[in-house]
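Chain nomenclature is as follows: A, B, C, D, E, F, G and H, assigned in order of appearance, with residue numbering initiated at 1 for each chain independently.
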Amino acid sequence: MKGTIKIDGEFCKECLLCTTVCKNQNLRPAAELNSKGFHPIELKEDADCNGCALCAVVCPEVAIEVYRE
Amino acid sequence: MQGNRVIGEAAIRAGCRFYAGYPITPQNELTEYMADNMRRAKGGIFIQAESEIAAINMVLGASAAGARAMTSSSSPGISLKQEGISSLAADELPAVIVNIMRGGPGLGNILPSQGDYFQATRGGGHGDYRTIVLAPASVQELADLTMDAFELADRYRNPVIILADGMMGQMMEPVEFHAPPPRRYPECYVLKGMGQGKSKFIRALILDAIRMEEHNWKLYRKYQVIAQKEVRCETFWTDDAEILIVAYGTAARIAKGAIKRSRELGLPVGLIRPITLWPFPTQVLQGFAARVDDFLVFEMNTGQMLEDVQLALGNTARIQFYGRPGGVIPTPAELAKVIAYQLRKK
Amino acid sequence: MIKKTIFAGFGGQGVLMMGYIYAHAAMNEGFHVTYLPSYGVEVRGGTANCTVAVSDEEIASPIASEPDHLVVMNKPSLFTFQNRVAPGGDIFLNSSIIDARPTRKDVQIHAVPVGDLAERLGNPQVLNIVMMGAFIRKTGLLPPEAFLKGLKHILGERKKAAMEINRKAFAAGYELQT
Amino acid sequence: MKNIFSRPKSLKKAAFHYCAGCGHSITHRLIAEAIDELGIQDRAIGIPPAGCAVIAYNYFDVDMLEAPHGRGCAVATGMKRVLPDRIIFSYQGDGDLAAIGTAETMHAANRGENITVIFINNAVYGMTGGQMAPTTLLGQVSTTTPPGRSALLDGHPIHLSEILGQLPGTRYIERCAVNSPANITRAKRAIKKAFKCQMDGAGFSLVEILSQCPTNWKMTPVNACRWVTETMAKEFPLGVIKDLKAQAPTS
Amino acid sequence: MQGNRVIGEAAIRAGCRFYAGYPITPQNELTEYMADNMRRAKGGIFIQAESEIAAINMVLGASAAGARAMTSSSSPGISLKQEGISSLAADELPAVIVNIMRGGPGLGNILPSQGDYFQATRGGGHGDYRTIVLAPASVQELADLTMDAFELADRYRNPVIILADGMMGQMMEPVEFHAPPPRRYPECYVLKGMGQGKSKFIRALILDAIRMEEHNWKLYRKYQVIAQKEVRCETFWTDDAEILIVAYGTAARIAKGAIKRSRELGLPVGLIRPITLWPFPTQVLQGFAARVDDFLVFEMNTGQMLEDVQLALGNTARIQFYGRPGGVIPTPAELAKVIAYQLRKK
Amino acid sequence: MKNIFSRPKSLKKAAFHYCAGCGHSITHRLIAEAIDELGIQDRAIGIPPAGCAVIAYNYFDVDMLEAPHGRGCAVATGMKRVLPDRIIFSYQGDGDLAAIGTAETMHAANRGENITVIFINNAVYGMTGGQMAPTTLLGQVSTTTPPGRSALLDGHPIHLSEILGQLPGTRYIERCAVNSPANITRAKRAIKKAFKCQMDGAGFSLVEILSQCPTNWKMTPVNACRWVTETMAKEFPLGVIKDLKAQAPTS
Amino acid sequence: MKGTIKIDGEFCKECLLCTTVCKNQNLRPAAELNSKGFHPIELKEDADCNGCALCAVVCPEVAIEVYRE
Amino acid sequence: MIKKTIFAGFGGQGVLMMGYIYAHAAMNEGFHVTYLPSYGVEVRGGTANCTVAVSDEEIASPIASEPDHLVVMNKPSLFTFQNRVAPGGDIFLNSSIIDARPTRKDVQIHAVPVGDLAERLGNPQVLNIVMMGAFIRKTGLLPPEAFLKGLKHILGERKKAAMEINRKAFAAGYELQT
């Protein structure tokens, strides 16, 4: 894993734009709801994140931070 | 049916054949109702104008061409229509203008408010003119007064304003539509090409001072006739009242609730509800002032109709004011407290 | 008799529809009714609410400063409205996603797991109708048939299939023991 | 000898209030001639502007409805929708049409309202005394651009006809002048064509007229007419700007 | 110097650094004066806007950016500015708006008139707001009040309207310009980029009802302070007067002429001339009402300030009205006859 | 690991009120990134519109001044003339800019005001609940065009960027979208370029953003993003519309 | 003379457009003033009018009528 | 003392300029002065007029309902204004183009052939200054030098040549016996 992301679940509105752009399909909605009533996105346990930041670039809520080695 | 839609339906039934409007909350459902239903009405025309100014001027054109015509907006949009309204009044063209008021000044907010009373009753536009102003207080009245508005506009060849607020516009209540009388509007005022007759024109420009003055006094006399004949007012539980609330529209509804509560406590309070804000029911108030010493003006603003009450009553009665501007909707309970306090003070 | 109810929740939960159907049904039953939705900027991705007043005489104010009933579909709405409910009133809450409970002792709390019930019916969209089933049963404001008639009228002829699942949803709520 | 030129029927026998040599006067006559020749006096309705032509209803012998400044196209829209078989023309100056009335003009054109606009471009606010108009030329002196119009501070002359031509809703647009017999004859033909376009239900038509304003240009009428060709038409070239029917039927 | 130009010169001397306007008779000389002179003033900006609406909104931007800013127009153009004026008031931004009134409603004519009193004093725009309204009656006062207008606008962060008419605007009289005090306008209200500090914003939209209400009452309190502190009024030959004329602007000048004639005939008549139309000199009038029974309101319209006089005096005095709307300029002789008639009637 | 993507400094840490997937949100971030990267947070002043972005001052950490609906370009003109060394941008929806604000937009552009306009084209009136906008596509259903927009009754979608491009006063105009990472990156570059243009004193710059409105289009955010490319960009092609500096120096 | 014209002197504003377009220079301002204070145009005594109507076409005041054989 | 004068004529006759210079000159002499031009649509190719009031105290109204003096440069203006002149007042008329004469007996008529005089000076444009010469002489409201000073001030430095012919024009009017 060359990279990783940090998601602020309270900001997420479950628009799913990030899930569609992640080439590695690293992202999915969590089971629980956030206080706004959305299932916030989370990184799958087996995620293979390369830190490409595409998810962050499309995220309307600026909910994603990206880290790379 | 929802208030905004009721206005639309009543207008169509009253023979409104032309509507032009521009979106603004909280009156959008009216525009949308017209978009959906005008084209179905025989010969009905709906235009989403590029602005409020375009809309009022389209109405001017349509009215001159002989159509019953209407536009609607909310506070900031109504401000933009003022030149057009002044022109309609100057041209003596009938038109119905709906203002579903919101909090102001400026963009303000989209909540119910009565902050445009001055604008509506004193002519927000320039020059000596008046518009008839109708203030419905129920969805049923939205229907009835909308129909009446077209009648009055025709009869006096003058713009008529329906002044309501977001609460009236958004609210749903049962409603029945009465059949309006067929339109009788003299052909001689309509421009439709000269045909085989003589050409005519409609204009507000009168360069000569003496002729302009004549026109001003002619309008003035018309307004005097309206002030004589068209005052409408509801009174409620006034018989033995020792304090009278004066309120219109949404505020009047709240006042009724407060009066019911107060009456349960044995407090002698009643309501005068102006239905026409211009002409204002001055004489009705003066009639009561012979017997009642205390008046409480209640508005959802910082005090505008208050001036008309003061004008009517002068120094013949004590006039108190209670107001909640900015989109706050006071409760009957709150107003009942004010009533109780005022009565204690006596 | 006048009864005021506030319905509140997220934008997508059909909150306005609950109030709208209820108001319609009550109107058909001959009551005086006012229905007042919230509107404007606050609906953008936020919460929605509406107030329905049902009365056998003219309604002075469509506003509910002290509603008799409160139906909340999410937590923020519970916090916003719980203290307004009149003493002796009812609070219906969507217990599938609201873990908190009002601390007040002077109101009846009806925790309805509408999310779970709707999902069990295979259609998470109908959670509002489930709630209305429970609401109509507990409040007894309207006969259940009246509500269903109103619902049918609003859905219209073309949505016969939808009516079926909605009827089931209503029943699920109506028959629930809380 | 027989009369081969006289006052058109649709023009009242009244002396114009316009200044000597003014292009408004000539254009008025052309419109009246076009109305006569098309036989539409009975069903034409004109909409004069706020501008020097504000009292045009004193001259045209057709029904007329005054529009507030700049709103001619909106007023015409309302009229035409109600009376689709009447011939509605709005008559507007460059300030009226291309400054305060920009939005109304653009959107009526964009909706393809079936109306005709006569657009009097005299590069100046005539009626109010010679202020800069949207069409004032660069360097041209006006009462609000005493050192001449500056591109930097005041912007460039606007070519509204070309812009309107870009809108799919417009059908026929031509720029003419009334400063010489040949141009006047062409302008008359254009006005007639615009009315015809409306009679055929074809959509928005506009004729722009480069119109001398000797008074505010501070020139003799003869020099003003010369200036139209020598200077003004350089910035605003004469000719057909759009004529959809002449194009291949692409849309 | 001609009235319109005097306003321009006074504005420039008062530190006006931004002017945007759109031509309209009878105020064109002001726009033209600014076109000619603003660019010479250090940092002065002149824009001929594409419309009155653009002009008032340019002023809004310039004012927020910290410039003393002004626009001018005449009646129909002022109607178009109403949304902008309401926004300026809501934003609490200073600005000076000159209305050189003409005959109305509609296009009306370009002759002197006072038909926009209601619009100016009651807020032609929407919502609960007020503008200070100054009514000069001489060219010298055009200069003085224009300078004061900028001061008042700053002090109360509110639009100020100079309400004059074509006569004032066209007239030439000798004039002296006083040196205005240096501007003191708190930086904290100016938007000029956050620099090293915190970002801020100016807006009229307040979605929350309670906060909007607070804003409304805050504005209301400000208007109360203005009403307390800023009333201005001239009285003329009132000492022994048995009838008092109330008139402003051009009408007040004519009234002075009429009073001089009447006094020559021994008729006891005086003048109250409101200089601020809002706030209206209510207490001044009330003070006189203790002694004088008869008031004659004289306006170049069909009766607008009349209402403010009625509000002030209630039933404590007889109030008569004489008006000439539409651009007619009554003569002192004519008014003197009215005075004589009213005194005979007593 | 080091942080390579996080919230720009000029964007307050506040949750947007916009609907899920809304293009306004993305555009806000891009503007803030551009401001950060150009180092102009201290001297940028934004002008939000009436529209869904009416409370944009809650998000941008720069000075902001609200404009009445449609008047952003006039307000910006007033500001910029007074503060020529500040970076003034107005942020406007399609209704705001291209309907009620048509005249103000056209004339500010024509004067070549040295301001930047971010023009959010979402083919609909978002804030007021989905009415037809000037940019609504033909056939597109809106609450005021229930049977779909009709060219005949409602007019055609207006291409204001192309029209503005025709005016000599405009310097740089590009149409972008925020529906995919690639488009978003391009949009960011365009916004930066527009600000740079203003910083260089070069004149009027505008970036049009095709912006998804899932709520009023009644689509999921993912489908809305697809629709931008598949349908909307067919009517409104992406790309540079005008870039004077890239052209040969003809004027 | 194949044609002739009739001038309504009260309408004329002495703009001189007609005089400049008449190829035969048939036109000139009269010595007297009309009630508006202009010297109205008149046909010279020795006019050679061919009835081309150019003068009428340019006349802003519609002051000229043209007759031809 | 207050004296009001109306100047009226065609647009091109320099009518407004007459009043303007006169007002200026009077102002320089320390009088209270108002100058009120006509304006607007009526100037388009029509007639123009202005009213000047000169007084040693504040002027109540700049309007002249009963002017003391009337200066008319064309016939329509004579008809418009002649009956307004105060009894005992003066009417100055441009006799070069006004053949009519007022029928009133209670005013002085001064027929000044300003057109002829100006043409004799070789400059038809200065007919207004010729008239002012006659006006200043007959009314005695201002010393002639005061008027010429005002004229010079308005013409400005750059128009020295113009001043020369204007001075002659003034003299021609001033010295005329009528």
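Observations on the model:
Everything below uses one rule, namely that a contact is a pair of C-beta atoms (placed from the backbone, for glycine too) under 8 Å apart; a residue touches a chain by one contact, two chains touch by 3 or more.
These figures come from a predicted structure and were not determined experimentally.
Path length between chain F and chain G in the chain contact graph, taken as the least number of steps between touching chains: 2. Listed by label, the chains that touch chain A and also chain H number zero. Counting C-beta pairs in contact, the chain pair with the highest total is B-E.
One inter-chain figure worth recording: chain B and chain E are separated by 28 Å, centre to centre, where each centre is the mean of the chain's CA atoms. Here the spacing of chain B and chain C, counted between their Cα centres, is 35 Å.
Taking each chain's centre as the mean of its C-alpha atoms, chain C lies 55 Å from chain E.
The distance from the centre of chain E to the centre of chain G, each centre being the mean of the chain's C-alpha atoms, comes to 53 Å. Contact with two or more other chains is made by residues 16, 18-20, 22, 50, 54-55, 66, 68, 99-100, 102-103, 106-107, 111, 127, 134, 154 of chain F.
Contact of a single residue of chain G with at least two other chains is seen at positions 13, 36.
In chain H, 40-41, 45 are the positions where the chain touches two or more neighbouring chains simultaneously.
Residues of chain E touching chain H in their complex: 2, 25-26, 109-111, 138, 166-167, 170-174, 253-258, 260, 329, 331-334.
Residues 99-103, 106-107, 110-112, 134, 151-156, 158-159, 162-163, 166-169 of chain D touch chain F in their complex.
Listing the residues of chain C that touch chain B in their complex gives 20, 23, 27, 32-37, 39-41, 58-63, 65-66.
Against chain C, in their complex, chain A makes its touches with residues 13, 33, 35-37. Listed in rising order, the residues of chain B touching chain F in the complex are 22-25, 28, 31-32, 35-36, 46, 48, 50-52, 76, 106-107.
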